[in-house]
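In the two complexes that follow, chain A is the common piece, with chain B as its partner first and chain C second.
What follows is the complex of A and B.
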């Protein structure tokens, strides 16, 4: 129940805001310069930009030598993040239901297993995964890295979904079955809609972690055809021969814009995450 | 359709909830399952609708054995205590859901929903969601959803528990009206004796997984088989006097009251027995005068309720038409109608 701060606060909020602004000022300035630097040139040692230029954004319309086309990379990143989201949502929504509601054999074992897998640092597996992917021929392919990333993120998703299913009242399912619906229909038509806000949130989080994933694509799919934005960005820093800080920053801004857009459009759903479910 | 539970038992793991229950509900009859919390009423109901599988025993609808039939194939309508409406659907979709899963044509569903909604008087609420309804309206929606499939059996699990007193009264007659109009066999679970007595043809009183007595409301009230049944029915409740049998009479205390009672002939002297006296059988009329002191007086509008302490410390309750001449602390000499009193053995059996 959000109250207006003016009416509920029994202290002045001005000093607090001032203090917070002061502390976050360095970050704000950095962000401002991140953007300003991409559209201007600055004399060495100076803080004031000296001229406006779109030079740093040229990567959008011309492909640099030795680098893949930016639009191909962006498309790859989209495919990568979307597929991960799809796989995680599909598997987690079903597996979470099974673990929450159905009397499957070794349920306790699976629950504990999911928990352990979630706590397991995935980086330690990367060599083994690399060998396995190479062995089955999925090294340097999007499918391979999608499967790996989805598998690593799944335990958390399943656990989250199980938690949300646990809050859906049993009576709804009982009512569904006596109304004549099969267990699948009950899940699909009655239970799943109750956890829609959770699905939205999980989908969004999966997309964002997919979008920002670096290590896995870097190791498992570094090839030019399957490169994603994070790998592309990293390759700009590593490139010592023609290092261009302005371009690096521009690519960074380009990389972060879709994330911001997603947040703007879906923040309502994210806020909803605890407001959903059933009442009374 | 007749419902028969034959040697029905149910246990959860090692806890036995119900053992060898025999219960028959006649076709078109409405039966109340009445009992204290935790006695296994809901468990019985869930077994009838197929949510719980019986541990052993059979369940028959008519002559058909449905023991191993999943609930989808039993054609029962259930109203859950919490109503269990589907929160994301409108009232119309809620009521139509049982038909939708049967793949009835959309136009047909619409028509049948409209019919049943008129029957339970919610025709103007079809576009709303459950969260936008009052408790009584939700209750009607749940009822409509249970009835729309024309079930063989209607099961109601404390359907009135969440309603206020006035609405409860209204819905009581409403449910009874619908049950009679549709001629459906119904089981009503409740722990409210007034509800059970006013709505049902017969009452089955349960205590820790067993049916203690099954009879019509008036039979049950006038001829309880055990002290548990007697104490469960009646409001204000019956009061008990503890005493012993002596030469065919009930004796209270050392040199106190002597009540000659026919039920006590043939009982050996000195046997501990208790006497159950309903509040309406202790008052200004009746056979045997008893002295006591009023320790509690309460007016209920039309009637007054008094608690009277007898010299030995036991308490008798009395309900009488409103009068102003008796106050708390007064000594009174009222009469007990010994013919209407019940005598129970120490283990609660009626003598």
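What follows is the complex of A and C.
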């Protein structure tokens, strides 16, 4: 980005910056108050917080009646996101390599299928998946929803991995095979280390989408024992008896902070993938 | 040759299995479910045959005589009842006499059956008469039959002789499981509700796509292009926030902004406007915010795609035009936009699909309200099949609605595949072993 055209002295960028700042204002206000409101109380009818308080954070040490324990929920979310990451990385790194390098029948067909599915709005299948999970008895279990979510994100993962493998020079594999290593060893020992940064990016991305996922756990695993943070927060918000934005936001901050930290540290990696086309 | 082939098949197998299980099978199943009337009431496995009040009402039009007949209690003196009577250990004479002189008789009402029982030689008491008559009650009303034949056998025992055609009608009316039907598609085609939802969807997708996913994304990409790099990255980071924030929190923030005790209400309150719920007070406002909520997320993808496309334009073109005295607008109009044709088409195609299918944000913000003002197709399918207020989840109808989206999705993704020129993406493996 350094060689941006700072083209001329004829034009100033100040007006556009002002205009864009104005457009960005709603987002800034919402995010600023997301953090402010969790540690303060504001009098009704006022926008300026009046006192400091930690009571909105009490959900961390007190379990609300009828709601699961927050730490259990967090653990579930972590397991959910990690397993998805593991499955996607394993399966996509193998399939991507095949599509990029190996000679298998119907390779082109499979690649086309992956591309179509990558754009395909998979959430429309949720009704059928719901009924299937009920049939096979994986409804309301983490395993079921992990498999579904991983499968749904898989085409994007395979597609990205294929792209990453394409950039690895053939010479590396040639050298390996000439030295007598099998194609599997070549892949495992020589090619995989080459795409470590890519694996890291895909892994982070999968973890973040898993961490953020709402509709699949909501529909396929809503039970208290397997609840994840998004479902927990949504159930708090929908409960009309305890309407308290301070608490919602505190849970929200608790939920979003890991995302923001990962995002800040690994922005460069993630940008590539977000630009490469996710859904939304 | 051989080893690489086997290795390839082994390595691709997990992906193929997962894709088969969670994409291809659900697509086929959606199509199959769409042709049934599955719902909570019918269950998703098999059903049974039960003469409910509802079934009798259904039968009344075709076979009024039978319907009233079944609805009434029937009393049959049979071996089963006699065995039960022996079990009660009343006077032995009851059983012997009933067996001897009344075996096989059918009484259309309790009164007639009890008259016979009362006339027995051993003179049962009133309490006993009631007890005995209960044992012979063979009414089919509200009895569950596991198979069709069971039901027909019982009806026959009660003295209803039915032709095969009549049997078919009765069995249809009393079956509680799901059946094949094309009714769902008729509803989709004819119901005015569906037409309204369809219009909502078209409005929502086209307006969001046009205003935000394309136009505003272009605006973001072009303005940040002309900014110093550090400022540009700040704005890009801000506009990526909606995408990286988990959707539940993101929508929560909007709710807080628009709630009747939220930011806008408080802010307007400073100028004397009474607080109100800006999200749900009118259909107009609801749409306004639904489009903003989705548009803010959607803008970021276009922003990133267009930004990288602009970065790929050779700098010399900008320098040359600058020397010739071109204005910024002229640069945008004649250099940037023509070279963004394919990225714009790509984003349009991709985001049309995403918008058609995504209902997370609407579900969490307006739930399709106020009334059904912001109900879009995918949300309506979800409401019909998985989450509604009446409690009867109509899987069949919901699947039919989803099937429409699936078909649209497949068609649009195939177009998308053409745009990508996929044939240029696959190269021959260089190592043959």
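Following the convention adopted for this analysis, the second predicted complex is superposed on the first by the 237 of 280 C-alpha atoms of A that agree within 3 Å, B and C clash if a C-alpha of one lies under 4 Å from a C-alpha of the other, contacts with A are read in each partner's own complex, and residues count from 1 in each chain.
Everything below uses one rule, namely that a contact is a pair of C-beta atoms (placed from the backbone, for glycine too) under 8 Å apart; a residue touches a chain by one contact, two chains touch by 3 or more.
Everything numeric in this text was worked out from a predicted model, so none of it was measured.
Asker: Just to be sure I read the superposition right, which of the two partners does A:249 touch: chain B = first, chain C = second, or both, or neither?
Answerer: So A:249 only meets chain C here.
Asker: Counting only touches as set out at the top, which of chain B and chain C does A:263 meet: first, second, both, neither?
Answerer: Second partner only, chain C.
Asker: Is A:208 in contact with chain B, with chain C, with both, or with neither (first, second, both, neither)?
Answerer: second
Asker: A:72 in the overlay: touching chain B, chain C, both, or neither? Say first, second, both or neither.
Answerer: In the superposition, A:72 contacts neither chain B nor chain C.
Asker: Looking at the overlay, does A:233 come into contact with chain B only (first), chain C only (second), both, or neither?
Answerer: Touch status of A:233: second partner only.
Asker: Using the touch criterion from the header, give the chain among chain B and chain C with more contacted residues in chain A.
Answerer: The larger set of chain A residues in touch belongs to C.
Asker: Should A:224 be classified as contacting the first partner (chain B), the second (chain C), both, or neither?
Answerer: Once the two structures are laid over each other on A, A:224 reaches no partner at all.
Asker: With the two complexes superposed on chain A, say which partner A:177 touches: chain B (first), chain C (second), both, or neither.
Answerer: both
Asker: Determine, under the contact definition given at the top, whether A:131 touches first (chain B), second (chain C), both, or neither.
Answerer: It touches chain C, and chain B stays clear.
Asker: Which chain A residues come up in both lists, the one for chain B and the one for chain C?
Answerer: 174, 177, 182, 278-280
Asker: Can you list the residues on chain A that touch chain C in the complex?
Answerer: Per the touch definition, chain A meets chain C at residues 1-8, 11, 13, 16-17, 19-20, 24, 26-31, 33-34, 37, 44-47, 90-92, 94-95, 97-99, 101-105, 107-108, 110-117, 119-132, 134-135, 147-148, 150-152, 154-155, 158, 166, 170, 173-174, 177, 182-184, 208, 211-212, 214-215, 219, 229-230, 233-234, 237, 245, 248-249, 252, 255-256, 259-260, 263, 267, 270-271, 274-275, 277-280.
Asker: Quick one: which bits of chain A touch chain B in the complex? Just the residue numbers, please.
Answerer: Touch list, chain A to chain B: 169, 171-172, 174-182, 185, 189-190, 193-194, 196, 278-280.
Asker: Mind pulling up the chain C residues that touch chain A in the complex?
Answerer: 1, 3-5, 7-9, 11-12, 14-16, 18-19, 21-23, 25-27, 29-30, 33, 38, 44-45, 220, 223-229, 231-233, 235, 237-249, 252-257, 259, 261-263, 266-267, 269-270, 296-298, 300-301, 304-305, 307-308, 311, 315, 318-319, 322, 328, 349-350, 353-354, 356-360, 363-364, 378, 381-382, 385-387, 395, 398-399, 402, 405-406, 409-410, 412-414, 416-417, 420, 422-423, 425-427, 429-433
Asker: In the complex, go through chain B and note every residue touching chain A.
Answerer: 46, 49-51, 70-72, 74-78, 80-82, 84-88, 97-98, 101-102, 130-131, 138, 145, 149
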